[in-house]
Amino acid sequence: MELTVYLAGQIHDNWREELKVEAQKRNLPLTFVGPQTDHDRSDQIGEAILGEQPGHYYRDDAASAVNNFRTEVLMRKADVVIGLFGEKYKQWNTAMDVSTAITLNKPTIIIRPDSLIHPLKELSNKVNVTVETIEQALDVLAYIYE
Amino acid sequence: MELTVYLAGQIHDNWREELKVEAQKRNLPLTFVGPQTDHDRSDQIGEAILGEQPGHYYRDDAASAVNNFRTEVLMRKADVVIGLFGEKYKQWNTAMDVSTAITLNKPTIIIRPDSLIHPLKELSNKVNVTVETIEQALDVLAYIYE
Amino acid sequence: MELTVYLAGQIHDNWREELKVEAQKRNLPLTFVGPQTDHDRSDQIGEAILGEQPGHYYRDDAASAVNNFRTEVLMRKADVVIGLFGEKYKQWNTAMDVSTAITLNKPTIIIRPDSLIHPLKELSNKVNVTVETIEQALDVLAYIYE
Amino acid sequence: MELTVYLAGQIHDNWREELKVEAQKRNLPLTFVGPQTDHDRSDQIGEAILGEQPGHYYRDDAASAVNNFRTEVLMRKADVVIGLFGEKYKQWNTAMDVSTAITLNKPTIIIRPDSLIHPLKELSNKVNVTVETIEQALDVLAYIYE
Amino acid sequence: MELTVYLAGQIHDNWREELKVEAQKRNLPLTFVGPQTDHDRSDQIGEAILGEQPGHYYRDDAASAVNNFRTEVLMRKADVVIGLFGEKYKQWNTAMDVSTAITLNKPTIIIRPDSLIHPLKELSNKVNVTVETIEQALDVLAYIYE
Amino acid sequence: MELTVYLAGQIHDNWREELKVEAQKRNLPLTFVGPQTDHDRSDQIGEAILGEQPGHYYRDDAASAVNNFRTEVLMRKADVVIGLFGEKYKQWNTAMDVSTAITLNKPTIIIRPDSLIHPLKELSNKVNVTVETIEQALDVLAYIYE
Amino acid sequence: MELTVYLAGQIHDNWREELKVEAQKRNLPLTFVGPQTDHDRSDQIGEAILGEQPGHYYRDDAASAVNNFRTEVLMRKADVVIGLFGEKYKQWNTAMDVSTAITLNKPTIIIRPDSLIHPLKELSNKVNVTVETIEQALDVLAYIYE
Amino acid sequence: MELTVYLAGQIHDNWREELKVEAQKRNLPLTFVGPQTDHDRSDQIGEAILGEQPGHYYRDDAASAVNNFRTEVLMRKADVVIGLFGEKYKQWNTAMDVSTAITLNKPTIIIRPDSLIHPLKELSNKVNVTVETIEQALDVLAYIYE
């Protein structure tokens, strides 16, 4: 049984690559989808398509429109959503994506360091499983196939 | 037409009181609901009801269970959700509540300072209206009754 | 049994007032809600709340955000939606509102002159009842109470 | 990941062909579906199947029944909906289809010329992304695959 | 706790009145709604509102449009649906209304004589409770208040 | 685009075979599913699986349970539902299946002879298209592929 | 804000009365609904309404039909569901009611003794809050009003 | 037509294997999914992934989180759910899974011995078909393909 996994979360490091490599090592039949991970491209996509916008609010809104479109298309295809929170950045869009997944009754996992237990406690209580490492998230996915 | 408004967001200052006072000045037939705003009570409610927990993760999880229960009960009653983001704090539960509201097709407004345009851009693009002040949020609510 | 009726459609004449007067004559226990009918106020509401916008597209988008918020709040309360199409104007927001109502399984009526049969044929086929006059729309509503 | 795209909108020119050619040039794995684009066939399909109808209203209603059936079948299969509005024609069925897609939470794009900003402002505010050209719409679709 | 009960079914005898009288005797806090029970009015309502139609099919379709509108408005308000089938008549609209109620997860009861067990077996298997008399249907409703 | 079509309706003649043959002639990529068409098997399936039942009501209920299970499984897979009504029999299960399909927003067609216009008028008004012959139903399906 | 609470669970002791008394002491604006708590009446209600059934399976099925009808009507009205599990009895209907509530996104609490932690672990993990005493359940409800 | 069947229920004997063997004998195109059937693994999976927990409640809750995640992923893929109840054990998670399936409108079968008629009567009344043996459950599945 092939499953599609949406990887929500920060795009400032290569955690998605690590996770994909690890999934391949384990031979799990998973397809991974997620947001644009080229940060500059993600921020500029609105103006790249729609042309220059009159200020930073409008520039951000145009980019978000295209990024949210992408997320919606791909999340509709996802069987599982994994959200990773790191110690830096606000990551409200990660919280938004994970919460959307929960409300759509998609099974969800969040990965977060011990240091974020307190600020993420409500979201953690709502998702199916909260883990601290990429390996643990894959353990949960691998368990489906046992 | 009476409307119920859920006020999501930080519980570290008295923005809800300001908003309620302003709503009363304008004679808007609104009922406001929201989370527990006594921060200590909110953090301790799990242990207050369920007894001492074996560590901070379990203490936070127990508190979140009760807080999420409260939020779900009240948000189901809400016709409109307003989420306020301030410059401090992670506020991931605010993003979670607002995103839940959007996914449930509840009309939503977010209030956030100009400085948060960039990190909130995706959420801002998804809600109905984004404003910067409590007064503006009330302008939007008052417009329903014009 | 009291019913709430959302009156979608053009805001360039006083058809809503005519319909309300007629409903009162018939003593129907109906509450009517609808969009802002002061055309200038409707077009300016975005800038009135959010401040001056950098061009007509942004001005229109800001106004639409507030108007769509109002429509969503009120349509959620509506038991019935009536959409009126006149011979002038594009009225795509009327088609949007009526189509939203149909998709949400709200009982809907459209009022349109004979001259608009052809361009409105798909929408007319989808709504519950299509009539040509306000009186006929009220006949349909009154029939609920016979 | 293959996606199915429903192309709503006017059937008076060959914009769908242009869009498909452009998609092929970019090697996007998209399947396009849409309404009957032979205008006469579309208008006559009711009588072609059900026999002569007693007047233009009934003829239009019979055609719309078959056209709406087709649209519903294909839109249920679509992952994305694109609606194009041109400067001529009422195009209320395009607004209807796009609004149906939004209410069903299908990701949507509209293409419209600058001259239609004002009459389409509410719909534009509700869809994910509004663009002015077919190329821009494909830019948005292509971005999913980056 | 007040409940609203939609009474679907034949309009050729006065079973609704019997049921209402019996409910009053038992002091049950029930509000009953249902279709137009004046058979001629029900058949003529399309032409009464929309004017003469070009043949019996169109006359019936116009009447059904108004009757279905009424049913949809009232069934949305109903907490419970009761459908009565008698030995005469096709009563496909009764089966339609009951099936709609089931699919909308509204609790449903059907009343039918012993002689209709076989033709109604699938519908009977799907509803909550099948009884043979009006008194039994009221027994089921009364049980809610015990 | 392959489509699955559920064929609801009477199982006393071979209309399904006629329809399938005609679909093959036209090379339409359709898969047809439907109820058990061996009438005796359909009536006896409850006792065949569950053993002898204590009377005709219980025998019919047991059979209906298995038949409704089959219908639910297959209708969930269907993109389109076609219901055929003939002049004999009550066919309330056909009305039930078609009404279920409509409420689930599945595109539906009914086939019925001219003589059944009046008793089927409400259902006819609700489905997408009503036709009189198998050929016309296939014309509607074929139109999807034009 | 008045809330309606459905009390699912065993009907072999008077835990519902205890809970109601405690709620009154605290002046909570709660309305409680629940199943028939007269055990004999609950088991006999099928035959009481429908007449003698041909064996214990049919007797139980008839009673369950009426009891499930009652539960569905009342649970649709409930804002919150509380399920209590005791040490005796199978209580599969309690698990069924609580699971139904969760799947319908109704906020839920379960009350169960420490001895049932292991067999109830999956259900406990799914509900909002799990407590051991009636007082704790009321603490959770009372927290909504703080 | 391939169907996926979720096998809910006790993991203390090899009923799933028996059922799969029987399905293969009959050449039914069915894919079976279900919970982890290694009982120890199922109970330990929480600690296996998340590390040692501070007591049996937390250990059980961690295991349930991972098991519920697995169940949700697989049940979303299932066309049919079969739940087996044996005479031993509480099996509340089986009741939970079957009730979830019913509420999600998935066709369901339960298998239970004659001795469990009474405690399972409400659940039995809600599912599509209740049988006593694995062979009967397969008879019901096989009937889909007749």
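Think of it as A, B, C, D, E, F, G and H in the order they're written, each chain with its own count starting at 1.
We adopt the following convention: a contact is a pair of C-beta atoms (placed from the backbone, for glycine too) under 8 Å apart; a residue touches a chain by one contact, two chains touch by 3 or more.
Keep in mind the model is a prediction, meaning the values are calculated, not measured.
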Chains contacting each of chain D and chain H, listed by label: A, F
Farthest chain relative to chain D (centres taken as mean CA coordinates): G
Counterpart interface for E-G, drawn from B-H, D-E or C-E and sharing over half of its contact pairs: C-E
Rounded Å distance, chain E centre to chain F centre (Cα mean): 23
Chain centre separation (chain A, chain G; CA means) in Å: 38
Centroid spacing, where centroids are CA-atom means, of chain B and chain F in whole angstrom: 49
Chain C and chain G, separation of their C-alpha mean positions in angstrom: 44
Multi-partner residues of chain C (at least 2 other chains): 65, 68
In contact (per the touch rule at the top): chain pairs: A-B, A-C, A-D, A-H, B-C, B-G, B-H, C-D, C-E, D-E, D-F, E-F, E-G, F-G, F-H, G-H
In the complex with chain E, residue positions of chain G that touch it: 31, 33, 36, 38, 41, 45, 48-50, 65-66, 68-70, 72-74, 76-77
Touching residues (chain side chain B, partner chain C) in the complex: 1, 3, 79-80, 105, 107, 109, 128-129, 131, 136, 139-140, 143-144, 146
Residues of chain A that touch chain C when the two form their complex: 54-55, 58
In the complex, chain E residues that touch chain F: 56-57, 60-61, 63-65, 67-68, 71, 85, 89-93, 95-100, 102-104, 116-126
